[in-house]
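Below is one structure, written out as structure tokens, with a few remarks after it.
Read from first to last, the chains carry the letters A, B and C; within each, the first residue is number 1.
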Amino acid sequence: MTTTLTAADAAPTGLETSGASGASGRRPRRRRGSSASDPVGGVGASILLWGYAVLALAPLVIMVLNSFRTNADFITNPLGLPTSPTVAAYKEAWTVGSFGTYFVNSLAVTAGAVAISTAVSTMAAYGLARSRARIFRWIESLFLSGLMLPIHLAILPVFFLFDGFGLIDSRLGLALMYAAAGVPFSIFVLTTFFRQLPEELEEAAVLDGASPWQTFWRIMVPMVRPALATVAVFRFVPIWNDFLYPLVLLRSESKYTLPVGLTNFFGENATNYSALFAGLVITTIPLIVLFLFATKQIVAGLTAGMSK
Amino acid sequence: MKTRTGLAFLAPALILFGVFVLYPMLTAFSYAFFEWQGTSRQGFAGLSNFSALVNRAPFKTDLPTALLHNVLFFVGTMLVQNTIGLSVATLLHRRARTRRMLQTLYAMPYLVSPIVIGYLWTLLLSPTFGPVNQLLTKIGLEQFALPWLGDPKTALWVVILVSVWQWVGFPVLLYGAALGGVPEELTEAARVDGASHGQVFRKITFPLLIPAIGTVSVLTFIFAMEAFALPFAFGGSTGNPAGSTDFVSLLFYRSAFDSGAVDAIGTSSALATVLFLIIFGGAMAATKVLRRHERRMAS
Amino acid sequence: MTQRTRRSTFTLIAFTGVLAVAACAPSSDNDTKGSGDGGDAKATTLTVWSWRVEDEAAYNKIFDAYEAKHEGITVEFKPFKATEYNKVLATGLAGSDGPDVPQVRSYGQVEPTIASKSLVPLDGKVDLSGWDENVVNSAKSKADGKLYSVPLARQTVQMFYNKGLFEKNGISEAPKTWADFTAAGDKLLAGGVTPIAVGAKDDWTLPIVHEVLAAPRFGGAAFQEEVLTGKKSFTDPNFVASIDVFKQLAKYFPKNVTGVAVTDAQTLFSAEKAAMFPGGSFDMAVLKKANPKIDLGVFEVPAPTGSPEDKATTPGWADGNFAVNAKSPNQEAALELVKWMSTKEFGQMVADEVKQISAVPGVTYNDPLLKQMADNYEKSPSPYLLLTDFRYGTPSGTDLMGKGAQQLLLGSKTAEQVAADIDTGVKAWFKPSS
């Protein structure tokens, strides 16, 4: 299977983790005086970088601003500012749209799916990184070919499968579906990380009499924490935003996730733009919070890698 | 590690993946070899569904165009996203204080669902009310106030650029990390020897970044060939205007569930199978090239 | 050696797993669950699926009335996102706990559902005699000629106009002749108003615009007959000329029209920057809500010069049909409900609550505009041809017209080329009768 895509070749090699703590990453910054460590591009580049940041943030800002406007105001001037801010739209979205229920469902399904998928993928990635038998290369290729499967094109067989299992209208079923769909990507990233860890660590643990599971859990998992954060965030976002699978696999409104609730809310309030934006803000805020926390983890890990 | 232990570690992922992804996907591929009456399966059809993709309208005319758009989407994204990602990562490299903040901001558009992105940019670029054209007119660049999403010449590029805008945070992060992995002794030694910034980048930094670029390329390829959400949000299922933003996944979407053809499941499954084979073949070829390059580097 | 044994053991396990899954995958039609209340006629819950999320309140009101008269029956209305509804319905009907009464597509787009044997034939169970033939055809299969659903609504397309803006620009009444129509356009242009708000970025609107502006030019119902029997094709000079009407009227459309989304076009109209909006009866509610101050009117666009018959028409079709799921455990109760949907009582409620033109004949309308649209269709109907007869395969007539009209407006194709594309496109699946 030498021709198959394997994580070893095409993996984010930059994501090295020396296992060093984030603190050591700060050391290089203190060096001054050498021209090589001055920012590239100077002030002009700074303006450019911040200018682009504004462009990147624009849609979020537009979303938030419009959610505080009245609908009449929005229709007359779609891109104006909220001259007299109001939270009426939020009240409406939260109560009329029953976003409270959807919110809890989304959180349970998404967090559950990410947890399951990350857990099984971490184990599998470790197994793949540390086994030499030929069958493992086959299995690895199988998983990686999963990266290329357009799974949303298989909605009909997925439905029949769930129907056969009695998993229609089950939040657990939905979470399992998402978890499975995330396995290839998670394994793709995590295998690389495990491969970069020196094997001496485990050899020492084995000499101390630790079982493979203990070695994995106590020594290896803590060392790939930044990678776990990366994988978790990258999987969390698309699951959180997806509405196709819940629409097809769920039946009861009490089990709907936010995007499904949102699409129904959209339909009922097609012309109530401010309420729509409020709904969107409610949907997006958890992602932003998660992202702010997780980038700290991810970037800390990356910085640690860079400081070598 | 012993094989048995290794398999034990792999078992949960294998079961989950096998049951919920591999099995339905293989079933979907098998659908391509049958005749269909709506959702009820009929007799074995051999390869007739596949030949329909080549011989029958709309596939005969739409599939080549859609595929071309997928390829353009890939090439365009590669060029623009890698250029921006690499430049921004280089510029950020020594800005210790603001780096993380900016990296986070650049990744923000990824959090917003593509449907909303499509809606907002359509609003911004609208020729009737859009502020982009109003601004261009105001600053005397009226000749550039184009009907962006209304002209087949620009619509595809708007889709590509907005997609880059949404995803550029990742190459920035990845290349940033990869740049951090370039040994400073190497670049500094070169600088001491009198090499310019540009020379250092071309001769030392860039070759070391090639594995990271390779990863981004393969993932971008898969992403571009499966492109659906953003084109759908911009041009609907028919790739407005005049099919200029049509993609293979959109063709699948409208022929699988939106048509009056009773054999839709057969032909659309054949389409899904072909799409997978293209992605698989492309990704394997890319990996092969990368591997050869790495070997050359190593020797 | 041991290695190989292990591997084959593993493969075996994997295989057994897959087989086990395969065994229970195709939905074993055990309808036991969900039908626990099937035996007890006193308490039956009927589920109705629909893509009309915006009409949920109206339907709940309608079904409350039904429940009040039918003891022990509860009707649960469940709407889904319109763009995903086809997927939800196809999977739902194939599975074991789908709806009892699904809202299904009309004309050609319901054929795949019928071919799946998912719907109960209604011949002899529901009486649609005296209904408009064009409407009834929406519920019949062309494959076996049987009736599979009860049409809900008649949609008509016509020109909406802003009476105030017309007066302000010296147009005293709705145009009666093609010359009046273009003269009105010129006056509005001179007055700095966009005469016709077209959203050509959304291709699906263009076949509708084509019908509104040029149905008489190709000959409406007479042409339908000829093209279905194979006497004429879409390359007929009259049909080509009808496409060319886009080109003639393009100066009255917004600038860069292929970049204008249909929502933009509606906003132009609501903001009183445009005087006319070619649209469907289903657009009325949206237009009224967006700017209630506009004095809204509708008219039939006069027949373009050179039309086979100098008579304006109101093109229309049926949609929103309801059917009975063949797998429903409550088929009798479901049938009863669908039967009720063919009564005048239901039709009247659709007119009053859902505010659509009911498919049931003889319904009256409180809303003067709705009444005018219904009356116009009654008086001078013509089929929305590309929808009623050319959506029985892929590529559909409407898709081809949408794309073709965009190419025409962009100047990349001529009306002849567009007509030829439509002709070759539909020939992929269309066989004339006779």
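Operating definition for what follows: a residue touches a chain if its C-beta (ideal position, glycine included) is under 8 Å from a C-beta of that chain, and two chains touch if they have at least 3 such contacts.
In UniProt terms the chains read A, B = Sugar ABC transporter permease; C = Sugar ABC transporter substrate-binding protein.
Because the structure is predicted, anything quoted here is derived from the model rather than measured.
Under the touch definition stated at the top, chain A and chain C share these contacting partners: B.
Taking the mean of all protein C-alpha atoms as the reference point, the chain centroid lying nearest to it belongs to B. Interface comparison, B-C versus A-B: the higher count of C-beta contacts falls to A-B. Chain centres here are Cα means. That of chain A falls 39 Å from that of chain C. Inter-chain centre distance (chain B to chain C, centres taken as mean C-alpha positions): 34 Å.
Centre-to-centre separation between chain A and chain B, using Cα means, comes to 17 Å. Shown for chain C are the residues that touch two or more other chains, namely 3, 10, 21, 25, 87, 90-91, 94, 267. In chain B, the residues that reach two or more other chains under the touch definition are 3, 7, 14, 19, 23, 27, 39, 129.
In chain A, the residues touching two or more other chains are 133, 135, 156-157, 160-161. Those residues of chain B that touch chain C in the shared complex are 3-4, 7, 14-15, 18-19, 23, 27, 37-40, 56-58, 62, 122, 125-129, 146-152, 236, 238, 240-243, 254-255, 257-262, 264.
On the chain C side of its complex with chain B, the touching residues are 3, 6, 10, 14, 17-18, 21-22, 25, 86-87, 90-91, 93-94, 107-118, 143, 200-204, 254-261, 264, 267-268, 391-396, 399, 402-403, 406-407, 410, 412, 424-425, 427-429.
By the touch criterion given at the top, residues 3, 7, 10, 21, 24-28, 33, 53-54, 56, 78-82, 84, 87-88, 90-91, 94-97, 267, 270-271, 286, 289-290 of chain C touch chain A in their complex.
The touching residues of chain B, when paired with chain A in their complex, are 1, 3, 5-10, 12-14, 16-17, 19-25, 27-28, 31, 39, 88, 90-96, 98-100, 102-114, 116-117, 120-121, 123-124, 129, 131, 165, 169, 173-181, 184, 187-188, 191, 197, 209, 211-212, 214-215, 218, 222, 226, 228, 249, 252, 256, 265, 268, 272, 275-276, 279-280, 283-284, 286-288, 290-291, 294.
Residues 75-76, 133, 135, 155-157, 159-161, 163-166, 168-169, 243-244, 247-248, 251, 253, 260, 263-264, 266-268, 270-271 of chain A are the ones touching chain C in the complex.
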